[in-house]
């Protein structure tokens, strides 16, 4: 059995679905998932298809025919991934441990079909957790005067492990343009507010000061504009006047964990497409 | 322009999507929505497609070819509806007014693309609301000794107005097998609990007694088994020890209104398919 | 029976609760609700007590003793209201009808213990709804050149009906400083976003553009700073890439209705205290 | 500084709050939390007070006077706990690891002010997790023929560690009447459905079969009636037709973790009182 996930985007036209699904059918493939979206303002078509082929050969033939046929005809941008490849995820952390505990717990439970070959941190505080879960921990201090060298070291490590995407699990440093070019739409951050409210540092303090009745968390792809990247997942929880800032921080942790885990799972299953600084998140 | 919604179910096989979408493309149709679901245990395939045709002629041709081709080949059950037909909805109520106010408010706001030619009630209490919204109100008392006659009268009224589906907006009577045969999967009820918890009468009282921390509402198609029909929509709200039964009733009202309205909208847009006493609710 | 609600704020000190509850007990009052809050940064104490007295006389005596005793001793700000007075609420609307339908439906259902003697609007569109619910409707056009005169007319009407508080049920005009001085902490607005995100006009458009995964609504007391008044109630609903701006608007309506209704009920029951541009909302 | 939490229940009468808060004030105590509840049907009064005393002496004197005064006068049931005592919690698990990972992560993060001296399990599967978190793990197999001996062993362990309460973190065995007598209202279970729907085994399977649109989790005190103990906390999450049973199980895990953690925290902070097989959960 070969299982492929196909992501497509192109100018919206008649016949795209027929052309693509025909190509699957002609190669004895079975479509197990299909969903599409049209940005009606921009007239752009997006589609996600999962298909199962009895033999690897048919999957290859499908891919070839698809690239020669539909892709050329509709000038598609596309991405085909096979279930045979298990994605490789790196974690970057600083001092907060809740997201790290949560992700490693899920990882060990087998909840996420991913490999985690390394954890990188600018502090040593969380090394014991990495040890407990038996995952290599790399301490790379980041200071204003060594920022470039530190990042070079990080990138070398990430590339040497063939990392597919990076999760900033409360990593408290800004990553550079070069970093984001190497990992385009592949650096996932968790921000502890419902963006666009309370960007930047100390959102729980700002939320307390403003007296909001909900606090939130936002997971998004990192872009050069701080906290303005495409949003993958958001959620909120109710609070009231009796919550101190510390209460907000503790309540917020559960949100951060869940919102980040959901975003990672969607990314892992290739359910997210990025367009115009927004995401299409297929269900 | 002609806009069709096609609902399909059949035994799961390769090529169903290709065959159907081809037929749309060959008739210059544009697919604006496609979603499918496979019941993997029962190996049954379900699909919902919306397609837009530039001319009524193409839509007719599509329907003809589709019925001759895909439908025969895959032995499909199918239903094609055109946006040209505005569904006709009847409301049946008793004494509670909150769902009635809510639905008529939405109706007048233009939020639901439907016609409401009549309201039927076994009590006179809500007639002034029908009058305020200028919708004909039919008072048909239901007593144990006249149940059959009353229902005959109801059915005559419903058929004479070519009613497509019926909403029991807190209608406190059980409808008969005959009624349900005439309107199969077309009688929508709102039950004031998160079924299967607290079926039957007085669910808020039972919820209070059990000390639950959430109360719910469930909208479902009515079947002969009381409160056991296919669930279309459910939601809950948090409560605590300080809520009296009356508080639960008042809190529950907002849920009932919203859950019922959501269910009706999904039914209206042909997003609901029924299978094995469950629903597939396309997004 | 006399039922009083007492709201207290003062500098935090030992003995405030004992002093106040003693005074209730000495006058044969029964405390049916007590809740307090301390702003630990500002060292300010807030309390809400409901107490029931068998006779009106005891209630009077309590109030006298309380004012002479606890209030003086702790230099309290306080407010005592009796259930005997039914609050008077005015509605101000423009063209959107959903909040108006919702509030009048609740009003007629007896869900809100309030009087609504008038509806004021700068447009004539919603007059038929007011008529259907048999509530006097006053059309006062507001244009840039007659703003002051229009507001004088509004205030005269509001005062002549002894209005206690005003609900802007999607009223699309800014009210003046004078207006807010006459009705301090008594003008409740519904804003269609989760503030502080998306203040100002067209928040659903901004939410669409930013690609957020939740949209919200916020009910707050109006202050001179647009959309920056003390927040009473907020809630959100999940959305995704498939929602058009119109979908957001329709989804948002249900939120606006519920968030506004909840805020009004809390205000009605004297559960809201304002301090430092934030609210304490007792449960 | 001495910080006491006082839980009171007695027949509802005038003057209880005044009497109690006087006693605090007379001993120079500061009330930092007060909340009460009256079961109006049963006429029972419940109160929770937290008070801070500058000196341990004053706290002792308060307790003495309170017991001699208010407690006698109103025939109170009461419980006074000091912040000086850190509660001792035992975990009992079987094979599912998600709740264990979650709780130990929170424990290590310092989120729960508790001691965990031991984990007991009827299987060896989760021992490595206990080891990673450096918590003693006791494997006590439970078979039909050794049930009593196994439980005696468990109880001996629990008592020897002066355990205050026990959390069944997906422990898949029924505990005996004796066990529950030793730990009355002190055994917290997590059930993977929104009770009273789907009690017993395999609730996710039942939820799938019924086609519900929400699934839930319930944390409750264990009583002799399986899944019928007083509910502490419940929550739900939305699901749809596309979720397989495995999807429900995975989605449910996040709920189970959070609902159980919330229940434990409330128990820890002495916020829960049990009455009539229901809970009063102070905020």
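So that you can tell them apart, the chains are marked A, B, C and D in the order they are listed, and the count of residues begins at 1 in each.
Convention: contacts are C-beta pairs under 8 Å (C-beta built on N, C-alpha and C of every residue); 3 or more make two chains touch, one makes a residue touch a chain.
These numbers come from a predicted model, not from an experiment.
Trainee: Mind listing the chains that sit against chain C and also against chain D?
Mentor: Where chain C and chain D share a partner, that partner set is A, B.
Trainee: Among the chains, which has its CA centre at the largest distance from chain B's?
Mentor: Greatest centre separation from chain B goes to chain D.
Trainee: For the interface formed by C-D, which of the candidate pairs A-B, B-D or A-D is equivalent, sharing more than half of the contact pairs by residue number?
Mentor: Selected from A-B, B-D or A-D as the counterpart of C-D: A-B.
Trainee: Quick check: more C-beta contact pairs at A-C or at B-C?
Mentor: Ranking A-C and B-C by C-beta contacts puts A-C first.
Trainee: Rounded to the nearest whole Å, what is the centre-to-centre distance of chain B and chain C, using the mean of the C-alpha atoms as each centre?
Mentor: Averaging C-alpha atoms per chain gives centres 36 Å apart.
Trainee: Can you check how far apart chain A and chain C are, centre to centre, with Cα atoms defining each centre and the answer in Å?
Mentor: Chain A and chain C have C-alpha centres separated by 42 Å.
Trainee: Would you please write down the residue numbers of chain A that are in contact with two or more other chains?
Mentor: 242, 283
Trainee: For the complex, which residues does chain A have touching chain B?
Mentor: Its residues touching chain B are 14-15, 17-19, 21-22, 24-26, 28-36, 38, 283.
Trainee: Quick one: in the complex, what on chain C touches chain A?
Mentor: 37, 40, 194-198, 210-214, 216, 230-236, 238, 240-242, 244, 276-281, 283
Trainee: Note which residues of chain A are touching chain D in the complex, please.
Mentor: Contacts found on chain A: 97-98, 101-102, 104-106, 108-109, 111, 129, 132-133, 242, 250, 253-254, 258, 261, 283.
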